[in-house]
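As written, the chain order gives the labels A, B, C and D, with residue 1 at the start of each chain.
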Amino acid sequence: MELLTLTAQFEWILGKSNYWASTVLLLIGLHAMISKNNLIKKLIGMSIFQTGIILFYVSAGAKHGAQIPIVHYGHDSHESHDKAAHAAEHAADAGQQVAEAAAPAANHAANHAADATHTLGETLYVNPLPHVLMLTAIVVGVATLGLALAMVQKVYAAYGSIEEDEVLDAIADSTADSTVDSTVDRTVKGTPEA
Amino acid sequence: MMDQMPTILMLAPFIGAVGLSLLAWRRPAAAMPVVFGALAITVLAAVLTLREVLANGTITYLLSGWDRLPERAAGMAVGIEYKIDAFNALVLVLIPAIALINALYLRTRLAVECAGKEILYAILYLLLVVGLCGMVITNDAFNLYVLLEISSLTSYALIGIGRRRAAHATFNYIMTGTIGASFFLLGVGYLYIQVGTLNIGDIHEALMASSELRELASIKVAAMMIMAGLWLKMGLFPLHGWLPNAYRYAPTATGSLMAPLVTKVMVVVMLRMMVSLFGLDYLFAELNWRPVIVGIACVAILAGSFFALAQRDIRGMLCFLIVAEVGYMVGGAWLGNEAGITGAAYHVLSDACMTFCLFLAVAAIILRTGEHRLSAFRGAFRKMPVAMAAFTVGALSMVGLPPTCGFFSKWYLLIGGVEAGQWHYVACLLISSLVNAVLFFRIFEIALMKVEVEESGSFDVDALPEDPEDRWERVPVGTIVAMIVAATAVLTIGLLNRPIASFIATWIGQAVEVAP
Amino acid sequence: MIWQLDLILLIFLVITALISLRVRDLLGASMVFGIYSFLICLLWAGMGAVDVAFTEAAVGAGVSTVILVATVYHTRRVTGGHKRASGMKVLSLLLMLVLGGVLLHASGDFPALGDPTSPANDHPVAQYYIEGSYQDTKVPNLVTSVLADYRGYDTLFETVVVFVAGIGILAVIGVPTARMRREEVCGDTAQFGEDSDLIILQTCRLVVPVLQLFALYVIAHGHHSPGGGFQGGVLFGASYILLALSGGLREALRRLSESMSFRLAACGIVIYAGFGLLCMALGSSFLDYAILDSILPGGVAMARSHSMLIVEAGVGFTVTTILFVIYANLATRGKLEGGL
Amino acid sequence: MSLFFDILAGSLMAAGLIFFVGTVTGMLRFPDFYTRMHAGGKGDTLSTILILLGAAVHVSEDFFHDPIHQWGVLLVMVKILGIAAFLMLTSPTSTHALMRAGFEDAHETDETVVDKDQDGPSLEELQSRTWEERS
């Protein structure tokens, strides 16, 4: 009895582990973004922060005992019976490993093996939608990283440092030196409108 | 043709931008004509869409042709769709219109401020408009994130293209913007894991249908993350750190495009999330965050106003006024009654116009005097009558004096505050208006004063050089036209207060009615 | 999904994340971040997200690391300690505690990991993608069909994000005058890799064509296996980056100049959006490939399948060229001279 | 038959892992940059290729047992061998590139490895020579 509750607890933890890990990664990244002094470290933090979110989404679409979301080539609708049997087998496999979570699915699949089309989606393939979303998120992430790195190079060119406190000091110095607004630069004031 | 208008609206600036990159890589002269042409088509399409919405009600446009069929995923949306209701349609006209008018000003500045990068600037400018319109038009939560990132990336680049000082401001903006967008994405993820769809309408129906779902902590956290993300992007007070420097050090044409549009579109997105995604019933009957958020908004209003008062830099002052205005709108939206939300939605329109008006006038004045402090206004009424007229209209609207639109939107906000019994919000609104009055009348005083008595001795405006070759050159015609149009818009939106308010009220009514 | 492997990977992920943030040497930090990306890529492959894993391997571990290293090379390699008062750190830690508490509280009512009956997996839309999309599009890779057809509008703007990043980087750090000069200089004939190491040069000569062929395979075979426009595009872009690293940036630019890159990138988007417009011109809504069966062979489903292939090729164009431009600009501080 | 494949695959992978242990030990224990790279470059290449061969043998089992997916299995095997060939080419090259970069960056050799009193060019002299002279 005690053993059973222990297994149940363990499974509960396993069922949450990815979400917890994604939260931890997210917090590590966010903390680095806020508190690191070095701009490149901030950006590494940013990437870690984003992967935390991606991990969350991908975990949301995971399924025990399911295959990668590619329909096997050459199988057609008349073979779907075969597929459902496959699915039941897979689910049963998974059921042995993580009994509680996948067992209903296995039963479900086995019961409806004849009525194939409705059980296919549930067990055979992983949910593809989060994958699609996260492809986009990864690409957006690298685009932001590229632009931010360009900004870091520009900051370095302007102030000779990529440590935030040094940059802020340099900015304070430069504004103390000149009362001229830096947005209205010299070329603007010098040349009249065409 | 008519039913394709929403797509044409999105694609005109998009094709313009891509076409510039494809055909005009080494022809800077082509930049402005393409910007004007593309934006003009967009405005036209937006106006036609608005007319269509007014005639036939909400438009739904299914991309990739995946209609909702009962046999296909039980009538849920498998593709992405546009949904244009009355308020959206109005904002969709506003965005390209402001961009188009701002392009008149941009034309005179492009070659000076972005020499050698004209084409790049024009591409980014058009794509920013695409991103902003796309956020308003889409009915898919994840698609909203993608377009949010497009508008963010373009705005980072549009600010970062500026001079030295812009670099660090942009870096901060990138950090804040990414956190905001990622929070939004996380909130959408929390909704997705509990509901299973990304379509805003479908999520709303699922939430309405099941009270168990509404009880879940993760849905509450989703609402919290989405709101926090949007507040970061719009610069609500404790999260406003990026805003003043980013708008101040950007190229002037970027400032006058982004200041009126970007924060305001974020408010529109917030309103849409509140009304169409979570539903007002859920937010106000079940969550009851109103006291906290209205409290934050009050602090934002006061802080924005007083920081603005402390600024010596004109553009910095305007940036802090935006922070205060964001407080108005967030507070109004979270008052939770019809008047409050009407006021917030109305204030989106009026604030966009008056901020635009002020930024244009200030840009003209700073350019002509070469000074960025309040002292730039010395004798401005005599020297730059048009710019000062526009400035006055915008300022009066900020203060909230009657025929201008600022008065009417603030009026609705006040009524909302009184009805909701949030007296501290009402008080903050009044104090802020008073501070604005002090702020602007101080400027008018400087501008009207003929003789300046300072440590440098007496100073006569008439003695200033009249030489056109000097820095006192005339303001370009494009800028003058842009300022006149902007000032007219401020007055028009004010005079049309009754139709606009009833329009917004019907929108809220319809949106709430949809909920069972 | 093997939970033992999953757990080990998660633990290592957290460890590498912490290390890459703790290391003082920024080059080391970038490298550890590359390791982090590879680990997370394994995790995703384990969870069945093969396309995501592929993209992460190419983008996260490959391109991100390269551009991080390029920036470290041009700025500073070692970061000092915290001179700033630790007030920010304490504030941030407090914030993290609150946020962590909120998020963990929310995760309490999530469905268990891998539960096939969770709302997200059991929803009619998810079911429909798995059951109906092969009938609709004849594309075995469900991710490709959802990416390029059902959510094709998203993917169009995803491509635009990449494009914006390229334009933005050029706008921010590009040096207009040096750039003009550079284009002229490109005409003269510098010998390929005259100052490079013989072994590296020859290896790259062997590898680059294979890499490019493989990239084309990934794009073309995206319907049947993991891959598609993004992954293939990244690989193709990587082949040019390799060329630039081994034979010099000048040589790579001679083959794919910057203005040509942007033209090709715009071409890619035009192919994508143009296909959508073609659907509109034929009387259906934007990106509705079904209407194209009047001009493409094989019926409605095959018309969708063929259109997706063309659209993915467009994505490939944009990603290839923009990645190379991003690398070229970040590696030379926008001057397009010298390089790493 | 199946047992034979399992044993072969297992032993190949085990051999790969043993070489990996050697690589790691070498990387950690050797005294200077060059010797560490030596351990890293050699061991890493060999052990990765051994593990890949193990994987190829492991999947090749299905080639004889699963007549439906025969050609698919063959394709997977060819892909794995392709990866092995690719690694064979690139891994030594990258080791070489790193070594050369370290050499030009004047990493010192350890005295337990190189006898400094011996006749012959010093590190500085070697660096000052042109590429042709060096080879």
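Heads up, the rule we're going with is that a contact is a pair of C-beta atoms (placed from the backbone, for glycine too) under 8 Å apart; a residue touches a chain by one contact, two chains touch by 3 or more.
Because the structure is a prediction, the values reported are computed rather than measured.
> Among the chains in this structure, which pair is joined by the largest number of C-beta pairs in contact?
A-C
> Counting in whole Å, what is the centre-to-centre distance of chain A and chain D, each centre being its mean C-alpha position?
32
> Just curious, how far off is chain D from chain B if you go by their C-alpha centres, in Å?
Computed value for the inter-centroid distance: 57 Å.
> If you average the CA atoms of chain C and of chain D, how many Å lie between those two points?
Between these chains, centre-to-centre, one finds 28 Å.
> Residues of chain C that touch two or more other chains: which are they?
As it turns out, chain C has residues touching two or more other chains at 103, 107, 110-111, 118, 120-122, 125-129, 151, 154, 158, 161, 164-165, 168-169, 172.
> Please set out, as single numbers or ranges, the residues of chain B touching at least two other chains.
115, 142, 146, 149, 153, 156-157, 160, 170, 192-193
> By residue number and range, which residues of chain D touch two or more other chains?
In chain D, no residue touches at least two other chains, as defined above.
> If you go through all the chains, which pairs of them touch?
A-B, A-C, B-C, C-D
> Hey, which residues of chain A end up touching chain C in the complex?
It comes out as residues 11-12, 14-21, 23-32, 34-38, 40-41, 43-45, 47-48, 51, 54-55, 58-73, 77, 91, 94, 97-98, 101-102, 104-105, 117-118, 120-132, 134-136, 138-147, 149-154, 156-157, 161-165.
> Under the touch definition given earlier, write down the residues of chain B that touch chain C in their complex.
4, 7, 11, 14-15, 18-19, 21-22, 25-26, 61-66, 72-74, 76-80, 114-117, 120-121, 123-124, 127, 130, 134, 140, 142-143, 146-147, 149-150, 153-154, 156-157, 160-161, 170, 190, 192-197, 216-218, 220-222, 224
> Chain A touches which residues of chain B in the complex?
Listed in rising order, the residues are 108, 111-113, 115, 142, 146, 149, 152-153, 156-157, 160, 162-165, 167-168, 170-171, 174-175, 178-179, 182, 185-186, 189, 192-193, 198, 248-252, 313, 315, 366-367, 370-372, 468-469, 471, 473-474, 476.
> In their complex, what parts of chain C are in touch with chain A?
Going through chain C, the ones touching chain A are 1, 3, 6-7, 10, 13-14, 17-18, 20-21, 26, 29-30, 33, 36-37, 40, 43-44, 47-52, 55-56, 59-60, 63-64, 67-68, 70-72, 74-76, 79-80, 82-84, 88-89, 91-93, 95-96, 99-100, 103-104, 107, 110-118, 120-122, 125-131, 134-135, 140-143, 146-147, 151, 154-155, 158, 161-162, 164-165, 168-169, 172-173, 224-226, 230, 326, 329-330, 333-334.
> Report the residues of chain A in contact with chain B in the complex, numbered from low to high.
By the definition above, chain A touches chain B via 26, 30, 33, 39, 42, 46, 49-50, 53, 56-57, 60, 129-130, 133, 136-137, 140, 143-144, 147-148, 150-152, 154-155, 157-159, 167-168, 171, 174, 181-185, 187-189, 191-194.
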